[in-house]
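Order of writing sets the labels: A, B, C and D. Residues in every chain begin at 1.
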Amino acid sequence: MKKIKRIGVLTGGGDCPGLNAVIRGVVDTAILDYGIEVYGIRDGYSGLINKKISKLELTDVSGILPRGGTILGTSNRDNPFMYHTNEKDKDGNLKYIDVSKEVLKTVDYNDLDVIITIGGDGTQAIANRLYEECGIPVVGVPKTIDNDIDGTDVTFGFDTALSIATSAIDKLHSTAESHHRIMVIEVMGRYAGWIALHSGIAGGSDVILIPELPFTMDKIAEKINSRTKQGKRFSLITVAEGAKMKGGNVVAQRKVADPNDPIRLGGISTIIGNKIEDLTGIETRFTILGHVQRGGSPSPFDRILATRFGYHAVVAAVEGKFGHLVGVRGEYIKTTPIAEAIAVPRRVKPDSELVKTAMAVGTSFGI
Amino acid sequence: MKKIKRIGVLTGGGDCPGLNAVIRGVVDTAILDYGIEVYGIRDGYSGLINKKISKLELTDVSGILPRGGTILGTSNRDNPFMYHTNEKDKDGNLKYIDVSKEVLKTVDYNDLDVIITIGGDGTQAIANRLYEECGIPVVGVPKTIDNDIDGTDVTFGFDTALSIATSAIDKLHSTAESHHRIMVIEVMGRYAGWIALHSGIAGGSDVILIPELPFTMDKIAEKINSRTKQGKRFSLITVAEGAKMKGGNVVAQRKVADPNDPIRLGGISTIIGNKIEDLTGIETRFTILGHVQRGGSPSPFDRILATRFGYHAVVAAVEGKFGHLVGVRGEYIKTTPIAEAIAVPRRVKPDSELVKTAMAVGTSFGI
Amino acid sequence: MKKIKRIGVLTGGGDCPGLNAVIRGVVDTAILDYGIEVYGIRDGYSGLINKKISKLELTDVSGILPRGGTILGTSNRDNPFMYHTNEKDKDGNLKYIDVSKEVLKTVDYNDLDVIITIGGDGTQAIANRLYEECGIPVVGVPKTIDNDIDGTDVTFGFDTALSIATSAIDKLHSTAESHHRIMVIEVMGRYAGWIALHSGIAGGSDVILIPELPFTMDKIAEKINSRTKQGKRFSLITVAEGAKMKGGNVVAQRKVADPNDPIRLGGISTIIGNKIEDLTGIETRFTILGHVQRGGSPSPFDRILATRFGYHAVVAAVEGKFGHLVGVRGEYIKTTPIAEAIAVPRRVKPDSELVKTAMAVGTSFGI
Amino acid sequence: MKKIKRIGVLTGGGDCPGLNAVIRGVVDTAILDYGIEVYGIRDGYSGLINKKISKLELTDVSGILPRGGTILGTSNRDNPFMYHTNEKDKDGNLKYIDVSKEVLKTVDYNDLDVIITIGGDGTQAIANRLYEECGIPVVGVPKTIDNDIDGTDVTFGFDTALSIATSAIDKLHSTAESHHRIMVIEVMGRYAGWIALHSGIAGGSDVILIPELPFTMDKIAEKINSRTKQGKRFSLITVAEGAKMKGGNVVAQRKVADPNDPIRLGGISTIIGNKIEDLTGIETRFTILGHVQRGGSPSPFDRILATRFGYHAVVAAVEGKFGHLVGVRGEYIKTTPIAEAIAVPRRVKPDSELVKTAMAVGTSFGI
């Protein structure tokens, strides 16, 4: 097995609290523990394509542990296998070209023995192709605010998003109670309802709506009316942005190009909020948290998990576990082949223990 | 001057962090400092009308200082001078009647020597009529999350709302920076832009839009384009819910009954967000904080101010300053005749020092 | 198997954020999911001994999910097998008696089919004796802020304590940097260093001192001097209250009765702080967080874990898993015989992955 | 009046959240509003003495608004009128020399038309001497976490410290209640009790001890015993680090050189805690917050105040108000001659409105 002397590291895809903690974990471990040099690749795969690569020293990562964002920058559009040029074809569409061979040359030219790719399923899919098709050694570190990568029990960033969403629900709770209102809060989760499910349980929501469990407005109204009968004059609905109505996918109906598209104008929370006000006659207000959930300093849990991922990514690189993704299973860090880890997204199972727990304490899923 | 033996206290209008701290201040001061009894009137003026009045002991207010909401409940619909019956007139409209005489009897029957009315301009206007027209001794305590009552430099609840809004802007800032996006955040303030102005300055927003300074989309785009030229690839827009477009009041155009009303579907932030994306070509995301700003535990500043208001409301009652509103002027607590204090709402002056400060550090108001 | 109709529930031992969330989980699940009645036993075993037992309804647990403390009260002194009387023996010592038979009678008299005991190793040891020696059906729920119970990967309350400690370290970090000082922060952990280890990693501490790894002052000074040589003019030391000096247990040396006992006067942080100032010549300041770590609202993670524990305690009761403790293993809830779960406390292993991670990123353990 | 073309800015003394916000306010206002150049002087007066001066651009202050610490560095030992050399006199003491003439030359050499000095009374006293004795134009900006400068109603940093202290008291409150204990929390304030007074009121402390009101242990015990009689089995004591016992200044008795000095070993909170446990027989625990209060991101209030100070310091400089200190009076920014502003420290007046408010709601000051 070739001895690792130089590691490259990049961050791809959307923002996620903990990215800097992973980078620091990689750099500190490599330099202090193994005497390996680390090179930062800027703006995700764009840096590999456009040769934006520079050495990272201990001082570069000093103090970045608690900071949101990523010192390396990110990009979620630059794919070496389908790189956009600025030229257009005869139909006026942008032309895309395969620059993966150039990327391999850049890796060789910089003597990078392995690339640590920190990113979501998109980033990892590309990493796996670079490994399998071009022979570039890669080690993946999973990143997704939505917690929907299968190769790990949990990802960094999720606990932070959960804390932010729960804190908002707590505040709505106290004010809903004194105003006798329905409060609808829309949280992240386009395809998986983890944030809504967890924050809904943590915040004591009366209704939780997630993409995995298509709801009906009638069932929501039923829950709220039963609360009214018990003398509870307020209710809280936590809804994932990708929640779907039964027999008609609200999100699927969306016409992105339409400037009057209700989702573009507001979000699913506004649709649900307006309908539930009509159905129950109770005043309804809504909150759309949006990117607030992706920002700020990572929670202690996320900083620790991210640091462990950084450390173990270097260990995996040294041990030659290329094409693998670092992940956590119970108390332990394990690696899984990337292809396997991202084959199927990790979604909420309708009969899972957490859904049962929520139902047991009286939460409705609108089903 | 009649010696005060029994004080009544009520809270009216919308929720506001610090209400419980005022109530505790009133009860503790009255009982411990003056040996006066205190009676809690439930659900605002509704409690006076429907005789929901009960004695408050020290134990009733123990531990409520840091809690959001109000232990007395509130209502923003029950006006003794125009009380809704459940009967309808021939046109099918609800009939309203004047029950102020009954209210006076209830006050006399309960031997209440003064009513401390904690509430916004609506609550205080009624308090003043009860005082002037019915001779009921009242002392007002100003309450408004929007900070728009003229009789005081600042009201409790505002600092808490400001903290919540600023914390959200901080989080958007870090993620905007790494995503190269425009983030629009909509905060409270239907007629006055205090929350947007303060949180916009505190959060370092690039654009602040308030009702007092009608904006144009072109000026906003101009600001963002000038940032792009400086290499800054992200921008933050803080907008008050009541911000208006020049030459056409967005809010005024709103048709409440229309289920497709864009404001009902989203909020002004969505309109601005969609337009600015079209004008600049930069991806735009929005956050609507909503009632999150009214909830949660009051900030230390608000707890102290509320406690001072509670203490001084009792002092004012003992000193016979009926028909007056407690307020803060600089470091001191002063009282003002209610009529004078609520004559004109306190709005942001376009040439005020704070607006100048914001402009001096480079903030655009879209004008 | 006997059908469960009535469940008793008690909380014992020190305070821990999440106790109310467990109680709510038990009550909601029992009533809503199984139609079982729940009886609250007040002040831990004291309530069983002194017959302070009352029915809990859904309304009793409404709104308690996010609250610190326990609505049932707690006690960490009343042991049915060794109950203190107020009588003294001839040597003037308090006499203790075995009242476990009376407790059994009380359980039978109240028709309690099972007692859910929420508490630490002390509480669970008594629960197990009640089960094994008196035949009282019990189901245990582990509780320890220090995270040192072996029957579960993690306990509720720990994440909250970790967040509070990390937040304090973050604040010290920024001020240490500008002041060029050493900051020592003392956190909880008398026998196990979990809080110090986790918060030390999350806060980026330079030195972490835990009971499991006896330290020397020289090694700490060495680490700080090496930082000085690198131009870093500040350092952060996180120390567990039970950290020990090599070859001389600081805590063991403590004479509790001595009013001049340095630990009584301050804490181990003050001793370390004063010595390190002498050794390095760098100004040193200390913070003793104390019970701040046990207070406040539980974190979302803790609320969810506590809710799951509450739900599964009822499930275990219904399934007749008496003498068992609920716990979490990876993503799943499992039960373990109490005797086994508390046989050996869960302490930090010197060669564990987390210690290695901390060392890899440059943290010193003073060894 | 000479036109201002170049402004120098420095930060002196201890850390304080908001320093960066002032610097940003100065730089943005000077460059954007007036076209004035700004030069950063590093490490307080040390930078003037050792010529560490460099131009500040808009990009240098981008993003620093919410950050603790100071990008300019600080020093609280370098006084141009009494600068320490490394030489010693015949008695072995360090020799001090007057380098103020060199400082004047440095100011002239760099064409600095005015120096904005951000700092506490020590920093401002030196600034005033530089102005009066050397003719260097200065404008002061007050900075003190303790809020004890007379030239302004309030200083930035204070609200942040207050928030941190109150948050800790809140957490102690919930745990004190369930443990039936006395909790003592020591906060900053060596000569002025503002932090203890404000956080004590905001946190609902039962006892507040401040330097301005010497206490007796008997009066504290009396208060706690009266609570016990009311059935309240816990109490909270907030104590300023400089609080004094009547008829014997605890702090004055302190022998700094003595390694067994109780204050050095702990703090006044440990002394009070141990004594009150002996007097009342109730278990007592203590928290020493220490420099946690100086750290972290400034509160919105502090960011706004700091930004206003920065803006107005430039305005004052342009208007030629040299030798003046910027401050806030009610809603307005005013300037005062430095000499007058720092003549007497701003301390809590024993008969002030806030002390009366605290007493009215039942707080004891141990007097």
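What to note about this one:
As a convention for this text, contacts are C-beta pairs under 8 Å (C-beta built on N, C-alpha and C of every residue); 3 or more make two chains touch, one makes a residue touch a chain.
Here the structure is a predicted model, which is why all the values come from computation and not from measurement.
Common neighbours of subunit A and subunit C under the contact rule above are absent. A separation of 32 Å divides the Cα centre of subunit B from that of subunit D.
Between subunit A and subunit D the centroid-to-centroid distance comes to 42 Å (mean Cα coordinates, whole Å).
One simple way to say how far apart two chains are is to compare their mean CA positions; for subunit C and subunit D this gives 36 Å. Counting partner chains per residue, subunit B has residues 170, 173, 177 touching two or more of them. The chain pairs satisfying the stated touch condition come to A-B, A-C, B-D, C-D.
Of all the residues in subunit C, the ones that touch subunit D in their complex are 14-15, 67-70, 73-74, 164, 168, 170-179, 181, 183, 259-260, 262, 264-267, 270-271, 274, 285-296. By the touch rule above, subunit C contacts subunit A in their complex via residues 24-25, 28-29, 32-33, 62-63, 65-66, 153, 159, 162-163, 166, 170, 173, 177, 198-199, 201-204, 232, 297, 299-301, 303-304, 307-308, 310-311, 314, 329-333, 353-354, 356-357, 359-362.
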